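The structure appears below as structure tokens.
Labels A, B, C, D, E and F are assigned to the chains in the order they are written; within every chain, residues are numbered from 1.
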């Protein structure tokens, strides 16, 4: 997940969040006897959940990189953690030792979590650091989505595997999704955006995400293709171009049939318009800064409507009319 | 699950609830790519969930027994439904046909659900039957539990596999659990009770459930037992006898180590006292009526404290003081 | 499988045949407790089997495309059907509901089969449509093959997985295979040809299938190739060229060692000769029409001898001498 | 399988039949890429198939017991043979060595088959031994069954896993099944009987097989039985007693739902009547001779009608009227 | 494994040996990519290996019982350790963190190993405790076995899964096995005995192990036994009785065919003779002391010859003649 | 494995070694119940082991190619042998037939081993051929390695899967590894070299193996790379170039983290120096002769230090000082 949460100049420890999330996910996975997604992935809820329950740490106090390699690569750690909980989930009776063993693995790969640490000359615990330095109110941040398999203006837990916390989002119409985002940006709030970025028409390299008005040929397994290579015409992304008109229905169908997936967290920081008047969100992507826009991606509103899984925004950024409907 | 819900003389169709539950469980299982428990089991939430979303049907209109056998035996149906959703959950893209196919299987095993049906000379849909004949308000029914891994007087989704709905329960202290139950029975309300009945000291045959003050020898896999049969003294249940004093801690540990499980739904209908003054709940069990108490079981308060997973009760049955703490 | 059966201008429903085949295959698979091939594939027998047992339908009455996609793509349906029968095949005792559930899935993916339908202003059932409109006699069509692991001029069930019907073919010599095919074409009969088309020297794109007199280097897993990319010279198909002389023995060996497989059904409609006098069968392939010969492929007699699994032809197309040997 | 075939005093080698059967079954299993039952079991067809294709050997020339144990116990041999063919069935291309390796395993466990052998002072091959000493005509033996999922008086391959040969049986009515058996015994022919002997009312120990007119409680997995031992009343077999009236439909249902299985081959040698006039077939069972009737079992006609899978009898033993219907 | 090593009154920590063994076994298992037995079992080598490489600890300093249960029960710990190494063994590249994670699990279940500890008023490390308190020379202890698949008087690693250390034993004749054992006991040395105790004629309960001269009927899976319960005569152990004469060949065959297994470690402490002059070893068994001989078992020499896997004894206990042959 | 052993002009049968190795490996794998690597791979030990225990055969007497193909391709044979032993390894009790069955498979794929054979006009057994014609003393050949997880100048069994024989190597320092190799070549001895050749900087095609002083970017699975193709700069091998300075530590780490693997056996026959004075071993590789040096590869000393698993050399080729340390 990319950078999320409030625009802050504090360099927070992502690995602290990862670690605390892993601890509680393991406990829940065990209780559910495996009927939960256990993996490295997570959601925006995780951040607020950790803040609320454990506090935060600065990057300087917890790098979480203890396994002899210069960069994070969680493959091996994820594999042993999963193997560990899977060996336990169907036991008849559990010891009280297992959770300490789990933390022992985390200590080995990420380093032990210190009880307290120095930050700018003062000593903190994760709790006091959160409350006195970071100082956000997690209850101020509202999770928004838009799907028709639940009633609008109610809350529901989005049914995606990474939502292991069963955290709930407010359900609004697709147009209100845009209305809230626009309102937020215009009032100086940024948005933690959960989106499907695995579509060919999202390109970090080019720095653009649009929904071109073309039929994108899905790979079709025909009888012939079993014996002969069939030439699938490639899809080329360039712009400006005409985009599809996205409807609530298209959005829902794409979620229902697994095309819209819960891929990635990005950070919406601004609004822009191209020479044709098409509006884009300016989105900060954590991947790297080697694209034409120093790592930012221009996301058209069509793409935003079509491929937003959910977003988290400060409640003050929500227009008053929608707030009323949501009873916030 | 045994009889639940309001004390009513209407013979409701359990299979209608099973069927609608299966439909929504399948959709959620698919969306979660399998990170959900998919099986025949369920919880009290299912009943209120179906009432709220689909309505109810009388037994006369939907027996749900369409497979050429005189009694329900869901083994085969459960097996094909699970196989069906498992074949879909990891697809890259889904058709729109799959859910109709799922309903086609349910139709074959349980019979198709009629759009409307006659009941006592009038025609109803499930919705109108619920609203006009059954007439309960599902929001009046409150789910209560007591565990220490979440704060008291908050709500949380109990982490057991059958809670596929992620339905939330109010968390109270163990003593308040008893206080609420007593208050309900004394005021004429019955209780839908979710309990662990797989302990050797719950006996439907004898009609008694107590927590004897004995060390019940767990089967210990010693080195010797691998080569020679070791005689494990059997545990005999008789009464009256001294019971263990149950603490909140014992209750929690038993849940944490998988000893307290989410087995079965029963119906608490009364209170009783034996010659020693020990108090029992009188509990209707759906298994059969061939035990000394016509199918009822006397459940001691020690057992109730120790082995209650949760219960559902009308909100008016909750003592005012607890209601205030729960902000109901 | 491509178009087969009599040369008719009636547009028959392939999906009707697929569906009825699936129904009976499921029943047989269940009875055999899984010792049968259950999948989307089939053979020419299926067509005549369906005609005989259920009749036919026109394409207009049964498109068999009910899952929200513009083209047939059976992957998902095949997966759920296989999962369904696999969940049943090892049961101790079966209900009578399972087959209705199976048909419920087929109804969802292909649409229900109507009891009767209109065709050119008249109403038919599949049976009457077959008997009154299509009007073939399935017993007139003879299945021919040529292998040495059974005696010539006897019948045997070709041992390939798709022959789930255990349908029998007449066994003739390789030269008689050609003699029958030539006689058929010369007398105006076409041939439903089952062939191995997965060889590199069958090219729909080029429109040619020959057996070049070259050693086609099989991919050899040498010790070196495990560590370094080994350059395997590519095989280029051009013509005219010298072909291998095919013997009965080469044909048998290629079947015995899995090189000749039961891939595909095509339609032999004519004979041709190139500038060198090499004879070819003109073969209609269902893949598409984008090759140099509008979708037809020129198949040399060497290829035909080497790679024919079997073919089906009208019995009147068989030379009298061979008929006598076969006691037809 | 018990003793079958003509009443002869020649002690034939069962292991020779087992061995030749295994060889051809392996070849067919490989060609079918595993879509065939490969195991130690077989059917009456195997005997005639081996006679016809390879001949017979006397027990004295081929005991087939070469693995250092005093009695046959095929478990280990079956396991390695199955593992061997499973390692081959999905290869892309096969060597010519595999079948010799398969025979090498059979040689190790059963002993090599000699090219020729002495019998009563003369030298024979399996072929000449069959033709000159055993002297049966396999085509004289007719396989009879009775099911409604195929037309009566036609032939079909009974769909049971052990019928790996896809051998065909003549289909007659249930009453004709009895008529043929009675006619055979009365005319001095014996019958090779394939029957379901896993019912509780077939008892070799007691020497009786009947179909008592009782409801035999199937083990029902009720919710209660998951937590408490439920007492299932035992079924006691004694006689004489009233039997159920068996219909063609009951017979078919029992086959369709897996209750009638293809268990065992026995030898019907006579007819008997008890004090109530109930008729029984006198059946020789190969298990042992320690029951009240020296190893024979009295099988009532009700049992015979209900639980006969098929039987093989000399064609001269079939009544003329049935022969005409079967076009024999 | 029971008590082994020198007769000492020091209460040594078994769990320290278990733990250090697990650490090195994990490293070797990983290097071998799983081609090693990884489990709780071990051999006498482990003890000397740990002594030599890490030292020893007294029980008082390391109970190794840290998981909230009153007695050792390694099932859960074994399961998570195995899952952990299995998740690593096929990685392409390993981090340096994994071994610390492994030790973290051991710390959780067994407790951390202190760098040093107090014993009788002095402070030791495991190394100094071994060298200064226990004071044995591991190289003085010789491992003896007797099998014919390696030359006598050479050393080889006994091929049993628990020999993960690939530790070597001296190979002597079966009679020399007895000669060494007798010599040791007569000279005041005790013997660490590795034996097969899973035979029905080893009974800790009765306190006797003999090889009765009876044919012990192996469970034979006959065709009949698949359908009817076959009565297998039970074997009764009483004494005195005639024993079988054991040969080197019987001993070898029993090892070759998996009947003699590497079950258990016991402690031979004396010699005895019964009224018939039959000689027995007096053997201390760690199981418990509730049998007629306070937990000791009388093991006949026939049993010792037949079922000894190996034993460890001080080199001074070996007769000079055998020492010469072994070049010790 | 390539050619190894003494420089001899006798064309020895590699397949004889493979076969005898397979036989003993099967027996050990069975005894170890699968806790051993069973596959086609092996090590230098195998050659000396076979010489010592069974003798050798000339290629002319045992080609070991009996499966109808012009070149060795062990895939199918390996698969059936593995399947065979896996079917046995967990049996409760084994027959004595299994090993003959195993040899039956080897006979089928490789041909039977003759008891004796003619070589240059004389008749030999494998034993006499080894002793009288090949005439080496296997005990003269010393296995050398260099790792720090065992003490230097001791012997240990290198923990790699192919070392199924648990054969031991002498442990020297990395510099001594070079010292011995240089001494051997300079004194006319060649070296059987076990090396890791799967590094990109070993190129048979170019004929060079070096350790360039570049950071070779490992494929890193970053979050971005899951959604977009990340361009990994390719590594180009050319020379002369600066090489890394290899330390004992680098060598150990590369073994510990699975980067140095036990890939391949080659034959060091000479020494060379390039224009910069960098020294190389001239190494004969069995792959083929199509590279610039007729199949030889120039291996720098840096590569040799870094990627040598072990080597085998005549003991007279070891410098006297090292011999003393090793107590040879």
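As a convention for this text, a residue touches a chain if its C-beta (ideal position, glycine included) is under 8 Å from a C-beta of that chain, and two chains touch if they have at least 3 such contacts.
Note that the coordinates shown come from a computational prediction; the quantities given were computed from them, not determined experimentally.
If you match contact pairs by residue number, over half of those in D-F turn up again in just one of A-B, A-E or C-D, and that pair is A-E.
Among the pairs A-B and A-E, the greater number of C-beta contacts is found at A-E.
The angle of the rotation carrying chain C onto chain E, fitted on C-alpha atoms and rounded to the nearest 5, is 180°. One inter-chain figure worth recording: chain E and chain F are separated by 35 Å, centre to centre, where each centre is the mean of the chain's CA atoms.
Chain B and chain C, compared by their mean Cα positions, are separated by 54 Å.
Chain A and chain D have CA centres that are 64 Å apart. Shown for chain C are the residues in touch with two or more other chains, namely 91, 94-96. Contacts from chain A toward chain B in the complex involve residues 27-28, 31-33, 35-37, 91-96, 149, 157, 159-161, 164, 166, 218, 256-259. Within the complex formed with chain F, the residues of chain D that make contact are 66-69, 76-77, 79-80, 82-84, 86-88, 91, 94-105, 107-109.
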